[in-house]
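Next come two complexes built around chain A: one with chain B, the other with chain C.
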Partner chain A sequence: MVLSLLVILPFVVHAQDPRLQLSSLDHLAGKANQTVDVNVDERLMKMAAKLFNEKDADERQVKKLVEGLKGIYVKSFEFDSAGQFTTADLETIRTQLRGPGWTRLVNVMSKKEGNLEVYLLFNGEQVGGLAVLHSDEKELTVVNIVGPVDLDKLAELEGQFGVPELGIEKTKKN
Partner chain B sequence: MKDDYLWDKTGQPDPEIQKLEEILGSLRYQPKPLELPLELPVSRRRNYLPLLAIAASLLLALVAGGIWLRARTQRAPQLHEAQYVVPPSPIEARKPEPITPKPVAPREEIVVNHKPRHRSVAPVLSKREHEEAVAAKEQLMMALRLTTEKLSLVHRKTQNPTPANQIKNQHRVG
Partner chain C sequence: MKTVSAKLFIAIALLVFSVPVHAGDDDFKSVVKIIEQFYRVKHQSIPFLAKAGMKVATTAAKIKGGDAKRIAEAGSIKLAVFEDQAFNGDFMKFRASLNGALNDTWMPLIQTLSGKSAEQNYIYLRNAGEKYHVLVITIAERDATVVQVTVSSKNLALLLKDPEGTGKSITDEATIIDQE
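Take a look at the complex of A and B:
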């Protein structure tokens, strides 16, 4: 009990932080047959933004989306067989997402697709971060976007650069 | 001769003439030194020569500066274009466009049609920074692709729920 508290405590301390601590999942990389690890902090985000071509409408949209973001962090593991990660691994992430400010927008539980959760962090009325947690038998993916995520702009990316159509309705602006 | 007196004062003078001489003698010219009044208004002529010299120098400097700038900007575009060329991003690489060589304008036309160019606002990245930015951009695009893929899955599931799925929307945690 004390041991589990000691494990969870650091994540509770970071609960209000829009950036999730994903390092607890690093040990899964050794078991996975495919790992995606994206760490783009604010500095890299600004550098990458310089490469977007303003004359290209698609790239301009992506640039608009990432402007103002503080970072994008992704950890995704695909395994050959089931049972390579445990509920405790997921809990290290969920514990942070239960902190104040985070709101779970959607929780989809599917036998075929696994469990999908979408969280938003609200600073007052402003969105301060986004988290997506997807787990099924052979896959575990965590996406963490830090900063004011504009879902309208995200919806505008549909069908571009291999981004699938989401069908997200744009919110009406007054 | 009576009239000789009138010409050279010889001969017998005429009393009438002598009388007239006495009367008009007071008005005779009497040489005396020029006396200038003490408070004579002096009108100084302004000497514009130094001012003209300064104006001419300034004008010459301006003309020389203009010629120098013109000569400099005629050579600058080539350097400018070489400096700010950004290599095509992986996204651009996927959509190759045929490269059409630009017709080279005659030198005279360049000079005549030359317009002062505004310097590009895109800062120059060093080679290392550029490589870092390209890698960051790739990571960014991968993260966005993964995020939108997951959101698409969520959208699909929430729009077409199967009875086996358990969906909870707008559930606030924390």
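Take a look at the complex of A and C:
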């Protein structure tokens, strides 16, 4: 029994959940001038993938974009003045992103001002999720996409499915 | 004869009261009640609702980035309007009570709160056979609307793609009917 637990435990520890717990930020809604909370869960993602028509070129593109995704979650807060959220608020998210499997991407180019952190969750070779943490003095946004996603997909999702404009620049392909 | 009538009455009463009440079957009314109780307001009865179902087929609403399109299925609109009343209250508590009442049967899609304009927007979805029910709740400083519509899968796709824009179009579509 003990032996089997010892064999299973390391795998359990490494099975990181690509969905972040964002409820720790909910208290900021009381201070914010604008709050956006988007929940496109797995049921809705599956539904969305079926809804878009393969025969229509635009819809086919959207269908391809959302296929395989298991969720899009966004929490965004805009404040009237600086100092309404603290490092501790950001840390509740960053702590999760320090967990096994999460890797911070460097050199992510964005047109948006402020501090932008992008993280990918790797399950072996596969990407299992993405997180974006954007903050400036008066704004805090967390985007969490569950499923196989990359920066190009994120850039395409901007302005759709509740994903805000993050100004992510697509990677240049040779 | 009297005994037969009494038995019949009892049988009907038993039948009526034994039909299980499904939470979610009348969530539209529940939401209106939640708003009324939380904010101590009253919704207005809308006489034009009867014709709304027919008129909606000719109602067009602009969807962001697209042509004028109808969103709601003809005859599917349920609408409650609260006009010129004070919506004072802790919107965090209101949101919690709303989510608590709806989350079992409805999927929350997007919720926006705007402190400056004191506006709250909520969009929930649920399956309705081959179609979908969409519940859009908008609460501003002095007014509120609760709209439930049935949409086709094509229009649900639009809603998922642009939740805020399409949600607003659904409310516009339901409320502009009386102005046509």
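The working rule: the second predicted complex is superposed on the first by the 128 of 174 C-alpha atoms of A that agree within 3 Å, B and C clash if a C-alpha of one lies under 4 Å from a C-alpha of the other, contacts with A are read in each partner's own complex, and residues count from 1 in each chain.
Here is the rule we use: a residue touches a chain if its C-beta (ideal position, glycine included) is under 8 Å from a C-beta of that chain, and two chains touch if they have at least 3 such contacts.
Just so it is clear, the model here is predicted, and its values are computed rather than measured.
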Would you mind checking which one, chain B or chain C, touches more residues on chain A? B
Would you sort A:L154 into first (chain B), second (chain C), both or neither based on which partner it touches? first
Can A:G83 be said to touch chain B (first), chain C (second), both, or neither? neither
Now for A:V40: first (chain B), second (chain C), both, or neither, which partner does it touch? both
Chain B versus chain C as contact partner of A:G124, first or second or both or neither: neither
Tell me the contact category for A:E59 with respect to chain B and chain C: first, second, both or neither. both
Is A:A32 in contact with chain B, with chain C, with both, or with neither (first, second, both, neither)? second
Show which residues of chain A both chain B and chain C reach, each in its own complex. 36, 38-40, 44, 47-48, 50-53, 59, 62, 161-162
Which bits of chain C are touching chain A when the two form their complex? 91-92, 95, 107-116, 125, 153-154, 156-157, 160-164
Which residues, counting only chain A, touch chain C once they are in their complex? 26, 29-30, 32-41, 43-44, 47-48, 50-53, 59, 62, 80, 160-162
Which of the residues in chain B come into contact with chain A in the complex? 86, 89, 91-92, 122-123, 125, 129, 132-134, 136-137, 139-155, 157-159, 162, 164-174
Applying the document's contact rule, which stretches of chain A touch chain B when the two form their complex? 36, 38-40, 44-45, 47-48, 50-53, 56, 58-59, 62, 65-66, 72-74, 76, 97-111, 113, 116, 118-119, 130, 132, 134, 141, 143, 145, 154, 157-158, 161-168
